[in-house]
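Next, two complexes with subunit A in common: one pairs it with subunit B, the other with subunit C.
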Partner chain A sequence: MRKYAVIYRSVLMENLQYAANIALGFVSYFIFIFVFINLWGYMYAEPGTRIGGYTKEQMIWYAMITEMIWFGARSGTVAGQASSDIRGGNIAYLMNKPYHYTLYILTRYTGEWSIRLPMYMVLAVAVGITMVGQLPGFGLPALFASAVSILLGITINGVFKLCISLMSFWIEDSTPFQWLYDKLILILGTVFPIEIFPKALQPLIRLTPIYTVCYGPAKLVVDFHGDQYLEILMAQLLYLAVGCGLMFFVYGKGVKKLYVNGG
Partner chain B sequence: MLMEGDSSLKVDVMGKTDWRTEAKNQVRVCLLSVKYNIMREMINKVTFLTNICFMILNNASFLVQWAILFRLKEDIGGYTFKEVMLLWGLSAGSYGLSHIFFARVFSLPELIINGKLDAYLVLPKNVLLQVMTSSTRTSAIGDLIYGLIIICFSDLSFGKVLLFLLFTVTGALIITAFALLMGSLSFWFVRMEIFGNQMLNALVSFATYPDGIFKGAVKFLLYFIIPTGMMVYLPVHVITDFDLRGLLVVFGYALLLSAVSVTVFYRGLRRYSSGNLMEARI
Partner chain C sequence: MHVIEVEGLSKTFRVKRKEKGMKGSIQAIFKPRTEEIRAVKEVSFTVDEGEMLAFIGPNGAGKSTTIKMLTGILYPDGGNVKVLGIDPTKKRKQLACQIGTVFGQKEQLWTHLTPYDNFRFFGAIYDIPDGEIDRRIKELSEAFELSGFINTPVRNLSLGQRIRCEIAASLIHRPKVLFLDEPTIGLDPVVKENIRSLIRQMNREFHTTIFLTSHDIGDIEKLCRRVIIVNSGQIVLDDSMEHLKFSDASLENIIMKIYQEKGEEARVL
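Moving on, here comes the complex of A and B:
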């Protein structure tokens, strides 16, 4: 484990140097949140309205938390780097190192979001409190539960994105598949909660990564219930176990297909 | 050297090239450049087609989001579902057209900062057009096709389809000119590419939401600072409820922004200094 700790520390230090660059991305986050505030402001035109059981404040906070996860977990490592390592042949050097390639990439990813996420968290709280107002009913239990859930959600997201990148062993460019995964999360997971979907679709959506990556953590922030926390936590652990299993399986199969041309 | 009977260039007695012939040649070179960009991208056919098809699917996925939102309310910001689709079609079409023909404009700051403009400065054709047409984004073909699919399903009259196509061109012109303007700022300021990218992101992000949900100063900002209003909002209003004045305003704005951005680029080019970078353009 020590070697992964060393990798994590070096990536963390490297990313600390670029904290100012990360902060420049705040503008994009703010634009999205601004659009959602206006959109939901229009949808909740009549005071006291509830949509899918959510108040206007809860709905906007939901979007802010999911976007915070989305922006905080943005990483070129699990998507771009892994894919280009495979395509470019760099993986031939990396797979011979005394670590498992997939865990190396995940450690780098963790080092990246360890800087990004807290920065976006501060921004989300600042924007939320000034533009939307405090979230009623949010206390220490919700804070603890949602923190664990957010970390698990981000890790699951990284594992699934890496699985998609590993498809580069078979197809040259896995980017289009990344788009589809991103859109699944971004469009169906960040704008509104699962309760807004038609009733017939809701059980299906709960089986997708949306439930464990976006919905679960954000739901715990805006509307915390102990029993639901356990349900979300179990789903996340299950998803993580299945995702890691899939990741090791795909990587194991993929490296057997690897051809490296000298150069 | 011109050979006798060479019809590609007409030279008058003073030795000056006829401007119409010059313009025709310039357009031909640009089209050839785009053609070769696409042929280069097509070397791997599977990747090429996957990029296009998945971009269409990517854009289509937003239909689900809007279908769900319209279940909650019949009109959003004064738009019906059909009008939002029109907004999407116009945004995707304009973005696609711009990135097929002028994708390099969107990475202009990188060329300026790294001194990579040298290769274009020594070419015997217009520098700006050579730079702009030197790259094509494959997925943008998917964006353009998506825009065209939208009009096929939107049950528009022939006149409105023509308007849609016309506004796709003006939209592409506006987004390209805005990217050129933002990119050219890198001639003067360091790290301006980050600001430029944020502005372009804002332009695209706002372009897929109805303008009716925004009020006051934001609306002003969207029409006059970030040109989303002129790129898609006003065109959608003109398509749904024809207004000649609106049409002329969009045209005038597209031309004005193009002229300003080209002027700023050439002003900035005077400040450009080479990075003495040796590289081959293949």
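Moving on, here comes the complex of A and C:
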């Protein structure tokens, strides 16, 4: 474990130099949230309205939390870098060290979001409290449960994005698949809660990573219930186990097909 | 004692082929064509402990592919490899702790960190205790004369300084075998000479086995006592440097002649 802790520390040291660059992304986040606040303000024009069981405050906080996860977990390492390592052959030089390549990439990803996510968290809380107001019923249990759930969700996201990148062992370019995954999460996961979608679609969406990456953690923030927490936690642990199994399997198969040309 | 044992090592790649022009590009979508390239053909040799071996050949001869199979990066299609008694395909991580690699055209250092932080990083991933890492950094810093830039981010170093740091980083865990793939590429003559004397020093002091590939005749002549020449994936010559130099012609001319003559034979075989 010590070597992964050192990789993590080195990524932190490297990325701390870019804290100002990360802060530039706040502009996009703020624009997104500003649009949502106005959109939901219009939709909830009648006092006391609930849409899909959510109050206006819950709906806006839901979007703020999912967007915070989305922006906080953005990483070029699990997507672009892993894919180009494989296509360009650079993976050969990273494999040749006494660590597991996939865990090396995931540790780098963790180091990256460890800086990004707290920054977006501070922004989300500041914007939320000043522009929307406090969430009724949000206490310590919800804080603890949602923190654990957010960390698990971000890790699951990294594992699945890395699995997509590992497809580069077989295909020329995994970017279109990354694009599809990102759009699936962004459109179906971050903008609206699952309850907004047609009833027939909801069970299907619950089976996708959306449930464990975005919906689950944000739902716990806006509407915490102990039994639901257990359900989300179990789903996340199951997803993580399956994702990691898939990641090690795909990597094990792919690495035998590695073709490194030149030099 | 043999530290590297290679017997009948082979590797074949399947490479995409495309007809020229737009028509070829469209055809390649519906009817992709591939061609088999035999990069390494039943290569066998051994390397003794403490030996400095030049493994050379023209571009595309199979040198780097062989190194990558010896270090466990590529899986061979046939034959057996043992490095320090370990099969690289089965125990790559165990082998990685005992060998060092420097690929002159690739960076292993983290460019935003200083050489000092990089050395600490590499020391830790090889499970070296903190106190010992500091002692080794001091030792390497003195041997490689790194003190002037050990706290400068790698991205701000000159190529020569970076290569010195790359080699130092690959030695932090005191490898028994060091694979150097064109370590002096792109360096000026003075820096090249510095790097060579460091490699000699390393071999003398730590008895490190050196497996070197280079197109630089100076590297081969000044460092190695044995030369293996490969061409078209086959060994075409395995001889001592002393024997090769026992001639009026320059080493460069001798090697060029062998590349051309033996290369044709290897292609026919």
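In the analysis below, the second predicted complex is superposed on the first by the 263 of 263 C-alpha atoms of A that agree within 3 Å, B and C clash if a C-alpha of one lies under 4 Å from a C-alpha of the other, contacts with A are read in each partner's own complex, and residues count from 1 in each chain.
Keep this in mind: contacts are C-beta pairs under 8 Å (C-beta built on N, C-alpha and C of every residue); 3 or more make two chains touch, one makes a residue touch a chain.
From a predicted model like this one, the values you see are computed outputs, not experimental measurements.
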Touching partner for A:10 - first (subunit B), second (subunit C), both, neither: second
Which superposed partner A:48 touches (first subunit B, second subunit C, both, neither): neither
Contacts of A:198 with subunit B and subunit C, given as first, second, both or neither: first
Touching partner for A:256 - first (subunit B), second (subunit C), both, neither: second
Subunit B versus subunit C as contact partner of A:98, first or second or both or neither: second
Touching partner for A:90 - first (subunit B), second (subunit C), both, neither: second
Which superposed partner A:2 touches (first subunit B, second subunit C, both, neither): second
Shared subunit A contacts, counted only where both subunit B and subunit C touch the same residue: none
Residues of subunit B that touch subunit A when the two form their complex: 44, 46-47, 50-51, 53-55, 57-58, 61-62, 64-65, 68-69, 71-73, 76-77, 139, 194, 198, 201-202, 205-206, 209, 212-215, 218
List of subunit A residues in touch with subunit B within their complex: 21, 24, 27-28, 31-32, 34-35, 38-39, 41-43, 51, 171-173, 175-177, 179-180, 183-184, 187-188, 191-192, 196-198
Residues of subunit A defined as touching subunit C within the complex: 2-3, 6-7, 10, 13-14, 17, 90, 92-93, 95-100, 255-256, 258-263
Complex contact set, residues of subunit C against subunit A: 13-14, 64-65, 68, 71-75, 92-93, 96-97, 101, 103, 105-106, 108, 110, 112-113, 117, 120-121, 124-127, 181-182
